[in-house]
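Input: structures, listed below.
Both complexes below contain chain A, partnered by chain B and then by chain C.
Up next is the complex of A and B:
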């Protein structure tokens, strides 16, 4: 009996192939779209963490309020003590100080006159200690396009697009003009050690990377930093752990007196996670809601399509059911066989769809997709190459709706078998 | 058991509501069919032949009255019991072929045996035998769409008789057959009736069928108006 019904299923394409293709297409799209959105979001979060906020960011309270403006006059001082404390309390994180700064980069010609000039946004990180985690976090060695990594004080790296705009080469000198944390003018000469491409439009077109000690000196911030970033050792953002660490730390430091006389508690350190930091948090929430809505609409739309396919599929077959019932098959048997068919189709479609969707996602995860041209003017920490990212959720996001929608559509439409007189069922075949 | 009542109806009625009015077909039908009869319901279109046949076959429920088939009150059977009754004892032949289009001729005929759980070598034997009876042994692997109307109906007949049921209910079985095929089919059925004792109930207005009937019940507006018997039906000479 079962092989007999199965034979019929395979031969009748409108019962097998078309519903299969519907499930398949819906599931492929859902799985891929989900992995893609997940990839975009994780890339955004990851590069935001690497280049901007860390997994956890320690700042002064005052600095935190205006963190996007890099208010170094409100920066952390005496960071060695704080670093020691952080390393002792949270050894599972890598802690590294940074200074973000703005200023003017001036390129002189042979006579010492300005040849080119551009505003830059700089990032000072520990480039010179041998055990600095920044090499890995910023992936500097791989980012080098021309020249080499800085090995000595006074050497900086320039974003490729910035270097092209200013017409500078490794070995050129540049004058950096800014103001110290106390507001007086600061001028310092640097040698361009190399150019870098991070693949993030916002960085490549305006960023210079300098050594922390140089910038501490230039900005008169000895022993200080704008912020201290913490990174989880596996380089993945663990939201729960980050929130826990942040909550405890912030509770302990609620009203710390700082190291400086200007302090009234506004300079006590405070921790933030990428999500809780102004600007990004709204954005991430927005993206979260937005991608949630997209996925929701998509899954619901797919379910309705599949539901409908299940519905019309069994309505079309009332005549056949009538004949089968007349020959002596039980209603329950007809109904269950209909459900079994839909489970097989739904399962096959969901498996094939998930596999194909995952394969497509894996391809895009490996090869990426260049959206650099779209991001030309972007200030988001979004890589130009977007990669899909497969998560454990990818395995079920398409599979379950695909299977369930088919099954439920059939289950509900099949109830008609019970509602009608058998003689009415096969009259539908006659007409 | 030879002359016991196989089908028995009492004051059987089916009321169809037609908006303001309603219509009864069949209307107050009391009827007894004994084992081995070769009987036809005849009468004008709309007189209730198909409905009566469907009620006897437990495909349709009467509005009032009782119907008993093989000693069982079919108006009170559960759908499971009704399915069991049809599966075990009743074969249907429909006015339209009602073959399952995705299955071959062989598989269509095999289907009732699969439902009964008949074991495979016995199934093959019975299917081949039934196809022989209707003269379609050479078309076992064809699909219904590849058959002429007459051939399709013969497959439906083979499907009805393959499980050797006590009762075959046939609604206009010759409507789509030419004269030669009609006679061929009717003779096959007469033979089954005589050799296996299968009871046949037809609904028809085809003279070729009527010529073979041993009992002819005329329905007019749902009521029995005549009930005639003939031991020597004109066409049933062998």
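Up next is the complex of A and C:
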């Protein structure tokens, strides 16, 4: 029966082509949209992890309370001991200390007077150790636009838009003005080793990257850091593992007196995940719900369209059913054959739609869309190039609605077959 | 009930109005006692931060209201840092960078060496009658000394503290306590003079506790180790060239 019905569908395109195209288009859109939203969210999480929160973050309790203000006066001191402990207990994670800081970058003229000045936000990372994971995490070498990577103490990298605004080139001297962790004014000269394009508008226009030891000296934080970030070796965030590591570490350090006799416990280390410490928790929940609602609405709308296509197809074939019943075919047989046809169309449309949707998503995953012009004034950690991301769920998100919606539409509209009266057939055919 | 109270208030007002000096008169007396055309001071700031206590030593030279020069002597990290004030301009010299940085805009609100004093505090006109009008509020005792309590209201809008409440020693005409407020009435800073000293017939603060109430920590003790009034000061100190000497 199946080959017979299949031949019928191929030979009578009016019965198959429109429903097939409808299923196909709906599934393509569903699969692509899902992969796109998944890509945007993953890009946001990845950028936030690389440039801000890591997959796991260790700070002092006092720092964690005001982490969005980078309060380095409340930072970690004596990090060597803590780094040793973290590397020993969690060798599957890469641990790296960082200091996030703010200040002014002052560019002198030939007389030493201020020629240009701009506020900057900076990131101090381990740039000079040969085994530093930061080169890979921040993708620094590929981000260089002019000059070279820092090789010596006292060299920094400047965001490409910041460098253009200040009129600085590699080799120029810049004076960094900020506050030490004790609140004194800090003034330190740096040489611009190169300019970098991070691909994140918010960073390109205001960020400098310096070596950790230089900024420890500038901010009077010898042996200290604002935070220690942990990254999973595969660079993917594993929430369950992160939560487990965090729970054990925090339990061990719950009664830690910290490094200051004045604020017992306030300067003891505390570990957190991006969800708990970056302020992203509410945002991620919102994005999850919002993308779920978008996908839900889209799938329901597509199902209604496909259902409607099934209804239209069945109604259009009202006369055919009358003839088939008149020549003695059982109503149940007509109904089941109609359902089988809809399943075949749904299956074909869903397979073709999923394949095409995945192909489009794979192309966008490889090449991405440049939305840099939209993000010029953005302060979000969102890369200028947004790529789709295919997940296992992408394979079924469009397939099941595509297959089932036409089937359901046909099943409901096909009930009319049981009410079909053959006595009225000839009268209908005459008209 | 209302009538006796009104009479009491009126009598009280009369007693302030006629029996004692006005706020501006008291402020003028304070200015005459405390202000000196030239002063050279060696002082220590003991900064009680949230995490640790640090001591910063400095020597400063002041001439009139518009010229001041400060050199930090200790700790080693700050040694050789210099500041120069000329009228409404302030420069900072850092020996490690050999740069002279003009401090302006929001930098003026930053703390000096992590203390509870800001650069804005250093830029203040030391003649209080020039920038504030005063009214007597009441009387009080501070550290066993009889004081007038004065409310000072800024005469201009570009003053760091819109109003102040000060406690003035009646006999010595020295300010023993100050509360500094923002325009909206928020308390920003408190200043408590813990010890005074007599220098060349003038009463001067020797030990002062500054507390920025918006920050954590236990305040900054400012201790004057030596103070010379009306001593000669060479002209070259009040030039940018002196910063690099």
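FYI, the second predicted complex is superposed on the first by the 405 of 431 C-alpha atoms of A that agree within 3 Å, B and C clash if a C-alpha of one lies under 4 Å from a C-alpha of the other, contacts with A are read in each partner's own complex, and residues count from 1 in each chain.
Everything below uses one rule, namely that contacts are C-beta pairs under 8 Å (C-beta built on N, C-alpha and C of every residue); 3 or more make two chains touch, one makes a residue touch a chain.
Owing to the predicted nature of the structure, the values given are computational and were not obtained by experimental measurement.
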item	value
Touching partner for A:177 - first (chain B), second (chain C), both, neither	second
Touched partner set for A:136, first chain B, second chain C, both or neither	neither
Which superposed partner A:114 touches (first chain B, second chain C, both, neither)	second
Which of chain B and chain C A:330 touches, first, second, both or neither	first
Which superposed partner A:189 touches (first chain B, second chain C, both, neither)	second
Touched partner set for A:148, first chain B, second chain C, both or neither	neither
Of chain B, residues touching chain A in the complex	51, 54, 57, 59-61, 79-80, 83-88, 90, 92, 94-96, 98-103, 107, 110-112, 114-117, 159
Contact set on chain A toward chain B in their complex	1, 4, 7-8, 11-12, 319-320, 322-332, 421-423, 426, 429-430
Residue ranges of chain C touching chain A (in the complex, touch as defined)	47, 49-52, 54, 77-78, 92, 94, 96-102, 107, 110-115
Interface residues, chain A side, partner chain C - complex	73-74, 104, 106, 108, 112-114, 175, 177, 179-180, 182-185, 187-189, 220, 259-260, 262-263, 267
